[in-house]
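Look for chain A in each of the two complexes below; its partner is chain B in the first and chain C in the second.
After this line comes the complex of A and B, so read on.
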């Protein structure tokens, strides 16, 4: 495959055609901050935090999906880029609980983002869903990066148990018809938990430990002991 | 948000894929498990067991003190003791002295043939090496086997006969380089979940075509180009008919056959009768499907075969595997990247345990015990007088129990196995267990087999010890201790070392076989000094990444795929085959074929997973029945059924679905309260001695709710 030469932040770079701007920048050590992007997932340019300025382009370009072109001139930290990233982070912080998203918090510091910039914003407060023995879903922490949906689909598992549901502000990640997880095609591989960047998805044992339970209590809570005398019907209710 | 005290890199203890793990610990509790995305094995992916299935470590019923039975057990009338009240808590010294006394007493009285041991494909290479060394060097017996006998023995024997080696020839990740691949007798989605992901990606993203040959409509069928739903136990006619088509249509790789194989002319004559029409009649698969599958496989640039227990767990398991090997020989689809023959090994360390000589026919490194040169090598390594090691082939797993009678096997040491769940025809197994004079169990829980023991030695889980596992693609990987042993439990290698020292002292041997180990790395180094495949495998090298055996010396990089130059036996050997049907065929009285297997959420006899919240996700046994049969029997989904064979019967709920073909009932064997192996037949493959788990005749009737062992449990799940 032929190489393409371009300029990133004043440096000349030569990379194979088809490389994304993000990868090209990484190759010269220019770190572009990205939230929804994950090396194991197909990039979708959803969070827009990886935008860069390309000379001649009308709008900022999402570097996770945009491929390099010959003689492209890219700025990864121009004032326009910085303002855009800062605003995105401030809007995220206005509505979503980012307390367990250390990477995003670091970015907010780096870009001097003000978490209180939009005090009137309505916060996304969604009850935690505890509908299975393996993991909990706390969508108050969800930034809709889509990584979980992708690994559940054809980026890893080919199980297709979850997807976006709702529109606009009401958008959440959910199961089809809002079924409890055990009633879906979910195989509880936890690929989704593995790529969640904000702690919206976490193992139930971790969540219970956070609630202050001892290890023995966690054990008892995650596993209903079955004895001969105990009567129990296994039905899963929506939380 | 919890800050981990430490994150420990290790290897998953469940299946043979060997996924890399990171255990996140807080106060010695594994609260989270992640997988490194840069891992060549699993690329950040895990399955439900690998990610969530470790709470058994902390289970209150786990035994963490040595125990001795209160009531002395007599051969012929042994009983099971699940309740701790029936056991006396003792010190390690008392437990080990007692075990050594009893074993030595029986050895002195009845000799080497009275001694037997089950090793463990869950335990590390080091644990297995040490225990077979104990029984071979001290008790001079080759009655050493493990559960490979129950899973891939047919494949191992076939590969040894035809090729001279018995492992996957490829790296699992090579599946994306296949143009065509056959998956047969393997529900890869549930039993090797991470390899199944790579298979699906191969089809969906890399343009490969998959052929599924299986009596069940597995999830993989959704991704397959062709599905050949054969009747259980008819592999030989089906694959030999494919060979027939390949020869008839001139699709043979003549150059490969001429240069790399032998016995071709005779083989060609033997396949004449195996026409697709004949196969259709026997296997129930459309002749055109057989032809298309043969053409697709033979004309591919790069093709491979992946198989599981559906091939090997038959009374003709060896012949089944040979019928697959022939396809690779005819087409030359072996010895190049993206081509090959791949038995998917079940347990995390079944490859390693086999490599370590946990078999009655081989020392570590597959050196035959009846070859005097091999024996001499190990006599030198273990300071045994020349001629001291037993040259006689030992008994296999199933034979050990069937020889449990006066004059036969008297003492059985069980490390981590559960024959009372995993052997065929459990009523007979129970009878055999009762006949033993002494049983020692080394495990985490008192399972159905440990309950028969005289002494219980509490071992640790994989997270509480150091060692190595060798996965299905021959990759030796480092298992690291993440937390201290619970209670007084001890690492297996330490238990065996301390026991061996006591036994050796009692036997009064003039020279010690060497039991002064302070770390498992010293044990692996000892293996490498004699077994050439492990010569270059050292703990230092394993720190960074696993090594694929054979690793011939300290600088050898390992071997991603085998047989590029030649086969270990020289030329690949064709073996003309005959079709031998399953021993017990359906008839008017027992009209259904029972086939057994596993489900995603559980592991084998259930010692671990049924002590985990995995059991909450999949709490009950189910009999999968095709809707056509269900209609005929008046059975609806979720209703109880009685399934009976000539050997036993169980009651469990029916799962009516097209996942199984008409005439075939599928039952997983994890559930003690409805143990599928009460029904299975103890017929063995004559060469490999593997039982016929995959086909026996049963009858099915509606049953009453109250006949269920646990009628209060009713699982509702949406997964396929």
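After this line comes the complex of A and C, so read on.
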């Protein structure tokens, strides 16, 4: 494949055609923060934290999906870029619990984002859902990166147990008519837990340990629940 | 499936609908959900599961779709749902008071249903009845200029049936509008209708495109993209089949032009769509009408049927050898579906999330195929361009903005209505000479220009030229042609709060800047309007606004703060802490 030459932060870069701006920037050591991006998922470019300024473009460009072009001039930390990244991080912090999202916390430091920037903001506070023996769902920590929905669907498992509820700021991840997970098509593969970046999805045993249970208690509790759930799942599948 | 047992649910009538729709698969999801809701009053879980099986859509995804659209309900609603518009044009004339009075009379809160199941009362986003504010939409009926003295009449569906007054200096687009009913095919033909399509069919598709390019026609939905170039792109794209789509999801607050064109002159819109279809070689066309416009949908459906019988639609249009089928879709309550790629997703039976661009619709549009999507008013221009030729079309308007434009005048204006003028007249001419100026003899404070996604013009800008170039140099967006007058007594912070509420309600929630930004913007403006601004709120609004403008995925987020940013620049004192409520 032919190479494309462009300028990133004043530095000339030559990369194969088809490379994303994010990859091209990484190749010269320019760090671009990305929240929703995951190498195993189809990129949706929805967190917009990876935006960069491209000369001649009306708006900022999501570098995780935008491909390099010949003679492109890219700025990864221009004032417009910095304002957007900082404000997005501040808004995220005003909406959800980021206490178990160390990557995002690091970005907030890097961009001098003030977690208290938006006083009196309505937070997304949602009661924790503990409806199955394998994992708990704490959507107060959910940043709507979509990864769990994607791996449950055609990015990995083809199980289609979860999707979205609501719209806009009220969006959450939900099941068909809000059914508990064992009553859905969920196969408890754990892919969603594996890609969750904020601790919103967490193995049940880990959560129980955090609640102060001993390992023996955790084992007893989850074993009992697992047996019951397997029976329920089998019954439901036959119905 | 005993899990879905529901005693009140009779699956038989739905089965007939699903047998018909099943071959379309997921693309029939919205029509199937709408049919089920018409049968059962809401969407019972069992019916929804049945639809999923018939159309082969995962249940979680169907639920996600239902949850996305405001007009799809999983819970029983009243037999009559009263949608009370509370967006700016109606709010100026007491829309909130109408909502409160209806709720009081029925003893419910907004969103609730009366215990007897007769009524549900809901606040509604702009219903496109701004010239008849305050307005209500209930089932198949709309009522304008609601009189609070007669709340019982409203409940009975009695009231002013809104007929939009059509004014202006030319009558190219709205010559057959203003009479309160649809022009029939016979009337349309007698008035020279479908001659533009006949001329188009006598030319090659490339010649049609050349004519449209030469006319200088640009899109009237808000983005002002050159129509001929769009058609050329789809015509030259390699995929098959190709689609042509009429974007009739008019939802921009203050806009009602497309509703009037569809309700009163549906064949003009249809003729434009057929010309576009021929130009790009589309095998199928879609007309996507917003869910709040059942009358426009019906008028377009009737016109499609008339045209089909007359041979304008079918496998061999007027013996030309060109074949096209036209399908109608009714939206389900989502402003975002006016965004072209979100509209495609909606037709495909998905949540109306905008797609990433590139690729553009001309190569990867509906069902991933080359697609032309044009606004109603844009298409309505095509017949005359084909009939009279580009040169004559360009005799009106300005060099850079040829042709005529529809403007929707509402708010504090003496003669609200739909106005057709050549591009290039001044705002003063439109607002004062033609529309009679500010109502009740008051002074003009500002004009909201372009819609919710618009900006404010001040009285010292009255001589601005109403053309793309004239407005651009004045820093004003033409948008969808909204001119909403605001008199000296209005608190602009209330208007801004209303706009912000609209965007917070209509954001799809996909990208962070808009998902959270529209909510934060609304919260801040609410306290600003209450006279309780916090120190730093102006900077917060600017940061949120510029972040949405710069970093959002689609046009909704990119313009959700444009009116706020324009007000911040014009009247910074409005946003200062300690500036009390008016």
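Heads up, the rule we're going with is that the second predicted complex is superposed on the first by the 224 of 239 C-alpha atoms of A that agree within 3 Å, B and C clash if a C-alpha of one lies under 4 Å from a C-alpha of the other, contacts with A are read in each partner's own complex, and residues count from 1 in each chain.
Simple rule for what comes next: a residue touches a chain if its C-beta (ideal position, glycine included) is under 8 Å from a C-beta of that chain, and two chains touch if they have at least 3 such contacts.
Treat the numbers as computed from the prediction; the structure is a model and nothing was measured.
Asker: Just from the overlay, do chain B and chain C fit on chain A, or is there a clash?
Answerer: Chain B and chain C fit side by side in the superposed model.
Asker: After superposition on the shared chain, which partner residues are touched by A:144: those of chain B (first), chain C (second), both, or neither?
Answerer: second
Asker: After lining up the shared chain so the two structures overlap, which partner does A:121 touch, if you call chain B first and chain C second: first, second, both or neither?
Answerer: second
Asker: What is the value, to the nearest 10 degrees, of the angle subtended at the Cα centroid of chain A by the Cα centroids of chain B and chain C?
Answerer: The C-alpha centres give an angle of about 120 degrees at chain A.
Asker: Which holds for A:78: it touches chain B only (first), chain C only (second), both, or neither?
Answerer: It touches nothing on chain B or chain C.
Asker: A:105 contacts which: chain B (first), chain C (second), both, neither?
Answerer: Neither: A:105 stays clear of chain B and chain C.
Asker: Where does A:188 make contact in the superposed view: on chain B (first), on chain C (second), on both, or on neither?
Answerer: So A:188 only meets chain B here.
Asker: Using the touch definition from the top, say if A:62 reaches chain B (first), chain C (second), both or neither.
Answerer: Only chain C; A:62 stays clear of chain B.
Asker: Which of the two partners, first being chain B and second being chain C, lies in contact with A:26: first, second, both, or neither?
Answerer: In the superposition, A:26 touches no partner, neither chain B nor chain C.
Asker: With the two complexes overlaid on chain A, what is the closest approach of chain B to chain C, counting only CA atoms, in Å?
Answerer: 9
Asker: So chain A touches chain B in one structure and chain C in the other; where do those two contact lists coincide?
Answerer: Comparing the two interfaces on chain A, one with chain B and one with chain C, the shared residues are 183-185, 236.
Asker: Going by the contact rule set out above, which residues of chain A touch chain B in the complex?
Answerer: 39-40, 99-100, 132-135, 151, 154, 156-158, 179, 182-191, 193-195, 199, 202-203, 205-206, 209-210, 215-216, 218-219, 222-224, 226, 230-236
Asker: Can you name the residues of chain B that touch chain A in the complex?
Answerer: 1-2, 24, 26-27, 29-35, 37, 43-48, 51-52, 55, 58-60, 193, 197, 200-201, 204-205, 223, 600-601, 612-617, 619, 710, 712-720
Asker: If we count contacts the way the header does, which residues on chain C are in touch with chain A in the complex?
Answerer: 1-3, 45, 48-49, 58-64, 67-68, 74, 334, 351, 356, 504-513, 515-520, 523-524, 527, 534, 540, 543-544, 546-547, 549-553, 558
Asker: Under the definition above, what is the set of chain A residues touching chain C in their complex?
Answerer: Chain A residues touching chain C: 35, 44-49, 51, 59-60, 62, 65, 80, 83-84, 86-88, 90-92, 94-95, 117-122, 143-144, 153, 160-171, 174-177, 183-185, 236, 239.
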